[in-house]
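Have a look at this one before I ask anything.
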Amino acid sequence: MADIVFWIISALTVMSAAFVVLNNQLVYSAVALLFTLFGTAGLYVFLWADFIAGIQILVYVGGILVLVIFGIMLTNKIKSVRISHKSMQQGVGGVVIFWFFIFLFLALTKAPWVVTEAIEPVGTVRGIGILLLTDYLLPFEIISVLLLGALIGAAVLSRGDS
Amino acid sequence: MNSLDSYLFISSMLFCLGLFGVITRRNAIAVLMGVELILNAANINFVAFSKFNGMNLDGHIFALLVIVLAAAEAAVALAIIINIYNNMNTVNIDDVSELKR
Amino acid sequence: MENILSLLIWIPILGAIIVACLPRDNENLVRYISAAITGLEFIVAIVLWRAFDPVNGSMQFMERYEWIPSLNISYILGVDGLSLPMVLLTAMLFFIGVFVSWNIKKAVKGYFALYLLLNAGVLGVFLSLDFFLFYIFWEVMLLPMYFLIGMWGGPQREYAAIKFFLYTLFGSVLMLIGILGLYFTCGKTFDILLIMERAPEALNGVLWWGMSAAKVIWVLLFIGFAIKVPVFPFHTWLPLAHVEAPTAISVLLAGILLKLGVYGIIRVNYGIMPDQVYWFAAGLAFLGLVNVIWGGLCALAQTDLKKLVAYSSINHMGYSLIGIAAVVAAGEMNGSDLKAAQAGLSGAVFQMFNHGTISAMLFILVGVVYERAHHRDIDGFGGLASQMPIYTGITALAFFAGLGLPGFSGFVSEAMCFIGAFPVFKAIVVLSTIGILLNAAYFLWAFQRVFFGELNEKYKDMKEINGLELFTVIPLAIITLFFGIYPGPYLDLIKATMDQIIEKIAFAASYGVM
Amino acid sequence: MIENPMILFPLLILFLPLLSFIIVIFFGNKLPRQGDWVAVGSIVTTFLLACYLFLQMFLNYDPDFSHGASFSWINLGEFKINLGILVDNLTIVMLLIVTLVSSCTHIFSLAYMKGDIRYNRYFAYLGLFTFSMNGIVLADNLISMYMSWELVGVSSYLLIGHWFEKDSAANASKKAFLTNRVGDIGFFIGIMLLYSAVGAFAFNPIFESIAGGQAIAGTTLTIAGLGIFMGAVGKSSQFPLHIWLPDAMEGPTPVSALMHAATMVAAGVYMCVRLFPIFTPSALIVIAYIGAITAILAALIAVSQNDIKKVLAYSTVSQLGFMILAVGTGVYTAAFFHLLTHAMFKANLFYCSGSVIHSMHHALHKAHDHDTDPQDMRNMGGFKDKMPITYFSMLVSTLAIAGVPLFSGFLSKDAILAGTLSFAQHHPEHFLLPFFGFLAAALTAFYMFRLIFMTFHGNPNIKSIVKNIHESPKEMTSPIVLLGSLSFFIFYTLPHNFNPMKDKGWFTDLIVPRNSAVPGSLTSNEIAEYAHHAHYLAMGLSLIVASIGILLAYLMYQKKVISAKNISEKFGFFYDWSLNKFYFDENYNRYLYQPFLRLAHTISWLDWEFYDKYFINGFGKLTKLLSTVSGKFDYSGIDQGFVDGFGRASNTVGKLLRNVQTGRLQNYLLFVVAGILVIIIAQAF
């Protein structure tokens, strides 16, 4: 049962991602991205990463996707929802990426992954919290400063030359 | 059962699709979306390795950091794109070739 | 006292640094400091001489420090009867040379700094007993020389300097190959004394490209040294460099740098591969003959006084070559004639010293007249004898010393070279005695054209040689005369070392591979 | 050892002149009279010391009288050179000759050289000259003899070139030195040959070793002997190296006297006498012929010379030829005897000619005549009454040299001719030797009397000069008188023989010939025996030839019965050759010096213009060419063709790609991915 759900979610993720990439309507792409992100969150759940799944939905779906849609809105004159955009070098790119995938696939199947079995934890939040404030305190702080910097930078950049 | 390989397979597909998007799209925002896909693929890998390595939470931390980075990147990138649009009235990457001359 | 040899090398280096730090404007200060440094150097050399034990033929005052242990490179210095006279000569000529170059006007500071550096290089070559060190000093010598000729020389100075540089560099490259060959065959060491011990065994029967390794190394090293001597086919840098160099540098070139060649042949080629001497001696004597005749004939045809003296150097070094070839007389196959070997080798080493003093004198004297007349064309003078009697007298003395007149040291050494080489190389020696005639011919002819005849009107106000110039020449003249009348002190100094070399070569005849 | 006067005095004799040389050359200018008294004083002292030695010799009256001393000069263990002196009768006689003539020269020069610009140097050089000659005389080994030998050369160089402002003097001095050096080369080769065989330089060990016959013999010894003889050829101006001596007349006349009589040229004969034991019979033959040829050749030249000093010069060469001839025929003590007598009368002849020239000079000076050559005999004549001392003294010496009985020359020349004749009697194939000898003797008598008649007799050729001719001052006449009187036979036949026809006297008693060291040679007794048999024949013949010569001269130049002009025209060819000295100088110049100089220039040209310029610089040029080529290759080939070509190619490709893809960012990304792909593939395989 869980397998079937997993594969369904996986299929959803991949197909929506393909839609994001291949479709010609920008807004559709954004919507398809929503599904991809959701699917990814689902996969996180399967990976016992409850906290990450939540964050995924919160940040990506709630933040980034909205941001992207805002970006679309701000950079196109909205006549209809169909904002078309063209792709290029799809032929060559496709072939290259296809072979790239083949090799990636071969690599990951051939590689002798060391797998350590574990039991499902009750929750990951506690562990992540402890780690963040102990071992990863410095990266945490740095990434927060970076985030702050990025926010200020984004604000400054998008304010225009007034 | 859903082994490590399957997650890696999915993440690799996501990665390749994202890369394809980055390579083929003309619209900057669409490119950004491709980047998001790539980042997601990476995150799936992190979390998957985390799980299959004895539920080691380090991977989660990295995923978290990547998400934060993605957010920051998206914010800055969109700000730049909007700026570009304001200046050049287009978001087509081809047309933004001031540096090339 | 233990580090006296290091002192000898480092005083001039320090001096060069001091001179380089002096103010540019105060030229006299630079001169006085240089004179003081070379004077100190000379005193140290004399102290060394007094402390030296002439009965002991092996290395004395050895110093040995690790330097680059991973490549077995050490800092080894030592002095024996072969190098001591050369060290003394070097110290003396450099001291005198400062006064010869007293009138240098251009970039005085740079000149003397390079001059002192050259001094260090030359002493280093004479004193170092580690091939790596030896080679470094060999090259250190080259660089200041290049600039000294190239910047302070005559009209063709750049050409002369570059020619000198390329010639010598060519030689040193071959020498380096030879040294590396020894390094790798003799157990990866640069220690000359150690190589001397090991080489006969290590090189025995070793073949490189189907040729005996010892012969290949011998030839490589020989060419390296032959260019410095200079031996006949490699001699053409010399007239040019001598002519274009400033007086003091010509003095040093002829007085000391040429000796490095013969010194190197005796120290390195003879010391390390005594068995190969037998193979090469006839060639050496023949080259000596060619040097004598060729140099003499060329000198005869010169119209430039300095060039004449330069060619006479080639001629005189030929006697030295004939002399060192004579050691083979000590071998069994030549009847173990120790008399001849001793006469030849000691004569050659004596000739090195004598040519050092005599040619130095000649170049200084040519410099004196050049400074006054601004040309050196032999036919452009005439009758100077009545205008400058003292100068004429001293030049006559130098010329007679140069043509090997008895009573001057040159005669003793030349005669010893000939007498030594005669039993083995009869034909060569007989032919090279023509050199005695050539010597006399070119010196007397030049003397006549410059000094005899009616006084050239142009030079009737020519000033007599002054005190400073006399001061540079007189000591050399006295040394030349003293050793000409009583060569004993010099020969006693070198005797023990020469005997050791001869013994080694005589012994090598017994196992020599030929 | 040094306290022994027989060692100490010779050492003093040796070094006093050197001391005077050093003092006079360095301090002469500051001393009163330019230091000439130092030189004269020291030389007279040596003469007195020599007289003491001579007296000792007389008192001992021992033919084997000999002393020696030596010190180690070079000692290298095996190779040793000991320098030393050897004092025996030969040495003492020679020392006496040298110091006597040298003293006379010094005294004579006091007047002759008065006012010369380099007065002190002249006396200094005389000291050096005497020192070097004494060095040769006293040497007990080849090395110190060779050293002094060379020093004699150099002092002659300095003295001949005393008036170096004259080109001819400068040339003559150089010629003298170089010609001597040619001989010295042979000498040195001889020394080396002997040393390499014998292992010693000192005379006695060499003689012993040769007598042993083991170390050196046969051809090698002959070559060694001839090599050493070559030194004598140079120094004693024998054919073919005789050319320098007549030119050496450019020096001051007293120097000529010293050089011709006692030093320099005597050195060669002295050496032959000293080293006679080493000459093999075949070497002696060569020596004899060289001596004979020199004697006749120089006599033939002297016949036609007009310069008074040239005549004397060639007569010296001729007499030296006699001496060498005597050495060659084995009667070497006769050679030494002739050396002794010749030294006296030849020195005197030179002084007399110097006296004549001196007064001619003054007379010409007074007459303000600067064109007339004061040495040309054709400008003289009739000086007999004006200069009586000079005239009589010169006449005596001329009689001596011509070989007239009662005079010294007769004794010595007779001994030589007797030896030569006996040699030819035993070796008839060498009949030319006595023939040349007697012919030369006749010619000697002829040209010497020609000189006397032309100079002193007859009518003055230039009247204005004659009235100003005066006898020379005392400094000049006293040596003339002294030496002139020494030309009488009596001084040589003391103490027990007063027969002018017999040469037996102290000389023959004390200077006894030694046997040749060469095994198989004639002993000295045998030679003396043979010579004794030929004695009367030789005496008669020599008397006849001398009178013929004198008579001819008398008829031609005094009575003018026979016209010299007619004869010279009749024998124009010979006269021409004789006058021009058989064209030796010209031929040497043409076939020796010039080609040699050309060779030198060619070699120099080869060295500098060809070898250096094309070969050595050719290497440079070749390298330059190579670097140019490689530079060209580098630039147009690699850089332009390859690197730039690559650039161009990628440019083209890029353009192509640009045409298709317009070079966008994503394009590059694609390449990145493709590149990763390639790397993966490469890794995989």
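Chains: A, B, C and D, in written order; residue numbering restarts at 1 for each.
The rule is short, and it goes like this: a residue touches a chain if its C-beta (ideal position, glycine included) is under 8 Å from a C-beta of that chain, and two chains touch if they have at least 3 such contacts.
Not measured: the values here are computed from a predicted model.
Of all chains in the assembly, those touching chain B and also chain D are A.
The geometric centre of chain B is 79 Å away from that of chain C, both derived from CA atoms. For the pair chain A and chain C, the distance between C-alpha centroids works out to 84 Å. Each chain gets a centre from the mean of its Cα atoms; for chain A and chain B, those two points are 6 Å apart. Taking each chain's centre as the mean of its C-alpha atoms, chain C lies 34 Å from chain D.
Within chain A, contacts with two or more other chains are made by residues 88-89, 93, 97, 100. Shared contact sites, meaning residues of chain D that touch two or more other chains, fall at 664, 666, 670, 673. The residues of chain B that reach two or more other chains are 19, 23-25, 94, listed in rising order. If you check each pair of chains against the touch rule, the ones that pass are A-B, A-D, B-D, C-D.
Every residue of chain D that touches chain B in the complex is listed here, in rising order: 662-666, 669-670, 673. Looking at the complex, you find that chain B touches chain A at residues 1-10, 12-21, 23-27, 29-30, 32-34, 36-37, 40, 43-44, 47-48, 50-55, 57-58, 60-61, 63-65, 67-76, 78-83, 85-86, 91, 94.
For chain A in complex with chain B, the touching residues are 2-3, 6, 10, 13-14, 17-18, 20-21, 26, 29-30, 33, 36-37, 40, 43-44, 46-49, 51-52, 55-56, 59-60, 63-64, 67-68, 70-72, 74-75, 85-90, 93-94, 97-98, 100-101, 104-105, 108-109, 113-121, 124, 127-128, 131-132, 136, 139, 143-144, 146-147, 149-151, 153-155, 157-158, 160. The touching residues of chain D, when paired with chain A in their complex, are 661, 664, 666-667, 670, 673-674, 676-677, 680-681, 684. Contact residues of chain B toward chain D in the complex are 19, 22-25, 31, 93-94, 97, 100.
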